[in-house]
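Dropping the structures in below, format is structure tokens.
Note that chain A is present in both complexes that follow, paired respectively with chain B and with chain C.
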Partner chain A sequence: MIKIKNLYKKFKDFEALKSINLEINDNEVVILKGVSGSGKSTLLSLIAGFDKPTSGVILIDNEPISKLPDLHLSRFRFKNIGFVFQNFNLIKNLTPLDNILAPLIPYEKSLQKAQKKALNALKVANIEHKAKEIVANLSGGEQQRVAIARAIINSPKYLLFDEPTANLDKNNSLLFLDLVKKLKNLNKTIIIATHDPIFDKLEVEFKTIKLEDGRVYE
Partner chain B sequence: MSEILLNSKVIVYLLSEGILYTLSLIGFLVAIYLLKKWDFSSFSELQFRLEEIAYLIVTLITFIFLAKVGLIFYFIFTIDALSLQVPGAMCAAGVISANSYGLTLLAIKLFIIFGLLLWIFINYLDLEAKNYPYFKLKMALFLVVFLFLTIELTLDFLYFLNIDTNRPVSCCSTLYGQLEGANPLPFGLDIKTLLILFYSLYFVTIFSLFFRQYIINLIATALFLYISYYSVVYFFGTYIYELPTHKCPFCMFAKEYYYIGYLLWGTLFLGAFLMLINSLIALFLKKDIKLSSFAQLLITLFVIISTLYVAIYYFKNGVFL
Partner chain C sequence: MRNSLYFYYLTLNLFKDKKKLISTILISSIIIFLLSSIFFIQDSIKASLKSTIKNQPDFIIQKNRGGRQVDLPLDWIDKISQIYGVTSITPRVYGRYYFEDKKKWALIIGVDFLEDISNKELEKIFKDINLKEFIKGSNMIVGSEVYSYLKSHFYNKDYNFLSPNGEFIKVKIYKVLPKELALNYGNVIITSLDLAKKILGVDEDKISDIAINVANKDEWANIEDKLNALFYDILVVSKDDIKRAYDNIFNFKGGIFLSLFLITLTTFMLILYQRYSLVNLDEKKEIAILRSLGWSVKDILKFKLFESLISAIFAFLIGVLSAYIFVFIFNAPILKDIFLGDSNLKNSVIFIRVVDFSTIATIFILFIIPFIASILIPVWKIAISSPKEALK
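Our next item is the complex of A and B:
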């Protein structure tokens, strides 16, 4: 469960988030909606522990992640959080398999075991048939699925997506909605920051949180 | 102005010390601020800002430690090089004894390294935990180290300013030789008793750590460090130089002795410091920082190297010195 209490984030004089109070339950799908600059990505990066808040509390499974020293934060993120970036952030000249193996290098001693995990993640993301192609040659939708496979490689409880359909055509966006359904059935808690109305077609129960000018309007 | 201050090595050394001191001063002022305002249980804007500052200060102090380790070697190299400029000095021993500040300065330098090394391990424990349990302790320790850094910088200038290049100094043989039958060894010991004490203390340090007898280990290690100094200068050193009258802790840093001084003193001081830190932390913070094996290895290496010089000399010549 994610609990956010009185969260603020300032960038110099600009207040990106103001007095955010939220609770996200386990296995819930949450759509963070709002126009560009409303604070969606900032909130997502704070929940993921990529950045520290200016003040306020973020508790994930009762762990105050904004207060964790770097070492513990990295471990926590590795085990519990999968993040899919808007631009996917893949290493373009490697294959999807190598991209997915990369986060396992410091932790997984057996390459065989790691490869098995990676292939399984690619299968869940419906991209195992492209496992050995170069990422640069894949389409936007395929690259996104590789990014999703990388995010789920450690079976994290929480999956965070930043504008997942921004670089996709309509067909790929609809495929993504199917994937969200599949991930929800795997008991994941999913948070999606988007301003794409296509998510109204999502065929699973979801909660919408509207962000405007750094404030929450549920 | 002293001629010594125009020596390029001294200029580089003092400039480096000055820069490091300025960084330490920043660390000192910020540490006081952090100590006054730190409240880890708070989720306020101020506390988050303090945590960011703390990260920066930890990096700064770690850098100061690494630079200080490098500078102590450079200090020895510099004073050794100054022996060409100071009449009567044959090595660093003569230069360090050129005035009353030298040996105190060297002792303070070693103490600072010890203090900073202890700080590094407390910091490690602090970051290993989730809630910075030793934050105030490590900041307070840095304040103490800073006081010694201030004394050190003052002594640095006093020392180099007061080296008179017109006044001859004593060479190491005079400084460490037996003058008019006086015994230079501590507690009125003779060489034989000194060596018995040396090897006995070595075993006590190793076994006390093995059996987790930390108080005994602290006392034994401190004594071993003290006795080792005399053992190297008055016994093992003579086998390094292969000359019974050559007693000096510094000449062994020279090229003709294959820079063995760096390895010998390095293993002794690092091993003893790590052993002391291991026991201090186990005793007062009840934590095992798993340094014992490495410290035991270093101390053992020091004892083996020292002993080997004697053994090799004996096998080569069939006699002891």
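Our next item is the complex of A and C:
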């Protein structure tokens, strides 16, 4: 469960988030909606522990992640959080398989075990047939599926998506909705920051949280 | 190792950008090569000079008149032999002989083969020659530079020396000294004492100087006092004086060494600075991606440390090995002339193979610390910043 209490985030003089209070339950799908600059990406980054809030607390399974030292935070992130960036952030000159192995390097010793895990993740994301191609040669939709496979390789409980359909065509966006359904069935808690109306067609139960000018309107 | 995920990813990352890997190794190898070559040459010259000093006699006695060295009477030997504590006395005849073109010269050394030879290096040279046969004929042992000069003037087997009284003396080349001895004996001609006297025009009852050895080092000052008391017009040159003279020469060479070393090191630092300030965008992005995937700052630094260590060690080995081949097999063309300067005869010095492990360790430290630092400092800077910011 994610609990957010009195969260503020300021960038110099700009207040990106103002007094955010939220609770996200396990196995819930949450759509963070809002226009560009409303603060949804900032909120997602704070939940993932990429950045520290100016004030307030984020508790993930009762762990105050914004207060964890780097080493603990990294371990916590590896175990519990999968993040898919808007532009996927893959290492372009490696294969999907090698990209997916990256999170495991500090934690897994055996190459064989790691590759087995990676192939499983690729299967879940429906991209195992492209495992050994160079990422730079894949389409946007395929790259997104590789990024999803990388996010789920360690079976994290929480999956965060930042504008997942922004770089996809309609077909691929619909395929992504199917994938969300599949992931929800795997008992994941999913948070998606988006302003794309296509998520209204999502065939799973979800909660919408509206962000405007750094504030929440549920 | 083959089944290690860490090792797999490390090699994958290294070879991912082959251009970058090759250029890093190439630039680093060149720097290491230059540094190692300078160190190898310095160590080799140092070792040669050290062995020369070691083989010098304890004292050289010269006669001075009006501040100029003149030949001294042979009977001084008997007087010196009366001094208690002197273990060996060697009369020496030597002098410069100018060849026909008057610009090139060789140092003729006359040796009394019947006496004890005070110079241990010469003793080694004479070990494998038939002394009886050598003294009987008109023979000479020539340094490699002298031999090259004679050969270039078509004197392959012998040479006609012109004595000061206008007489030609034909002397056979009996042996050529190896190039390894060229630093000290390259321009030397060794003959019997009598033959040297004839060529240089030294009177029969005269010699150039006397070399003596004193076994007990504690007696050196005492012996020097006794020699000065015995002859009023002598100059006693001790082994320490010779050592000082060599040190002065080497300090000069050391200055050249230092300049070259500083130039190389500065170039290296500039390259590193450039690397430090221009960490490429892909690298920045990659570090941020790894951070977002659960790598801690420590994990990133450890991985980059291994990665840079592999390329640094590889570059180091290539650099040191090629410097070894360049200096000790190809005899350091160009660099040799910088160190040894212009020579009277054509320089044929061969650097003796001296590899001091403390030197290699020094090069390793001088290279590896700035190299690793230039990689880890920018990596650390990126790693501690927010992955989201670095990915923008």
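Keep in mind that, in the parts below, the second predicted complex is superposed on the first by the 218 of 218 C-alpha atoms of A that agree within 3 Å, B and C clash if a C-alpha of one lies under 4 Å from a C-alpha of the other, contacts with A are read in each partner's own complex, and residues count from 1 in each chain.
Just so it is clear, a residue touches a chain if its C-beta (ideal position, glycine included) is under 8 Å from a C-beta of that chain, and two chains touch if they have at least 3 such contacts.
All values reported here derive from a predicted model rather than from experimental measurement.
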Following the superposition defined at the top, how do chain B and chain C come out on chain A, clash or fit? fit
Output check: A:147 vs chain B and chain C. Expected answer is one of first, second, both, neither. What do you get? neither
Looking only at contacts as defined up top, I'd like to know whether chain B or chain C touches more of chain A. C
Quick one: is A:98 in contact with chain B, with chain C, with both, or with neither? Answer first, second, both or neither. second
What is the contact status of A:2 with respect to chain B (first) and chain C (second): first, second, both, or neither? neither
Would you sort A:108 into first (chain B), second (chain C), both or neither based on which partner it touches? second
Identify the partner contact of A:89: answer first if only chain B is touched, second if only chain C is, both if each is, neither if none is. second
Which partner does A:71 reach: the first (chain B), the second (chain C), both, or neither? both
After superposition on the shared chain, which partner residues are touched by A:51: those of chain B (first), chain C (second), both, or neither? second
In the superposed model, how near does chain B get to chain C, counting Cα atoms only, in Å? 8
Common interface positions of chain A, toward chain B and toward chain C: 70-71
Listed in rising order, chain A residues that touch chain C in their complex are 45, 48, 50-51, 70-71, 73-75, 77-79, 83, 85, 89-91, 93-94, 98, 101-112, 114, 150, 154
Can you check the complex and tell me which residues of chain C touch chain A? 2-6, 8-9, 12, 16-17, 285-286, 288-299, 303, 386-389, 391
Within the complex, chain B is touched by chain A residues 5-6, 8, 52-57, 64, 66-72
For the chain B and chain A complex, residues of the former touching the latter: 40, 43-45, 48, 51-52, 55, 127-132
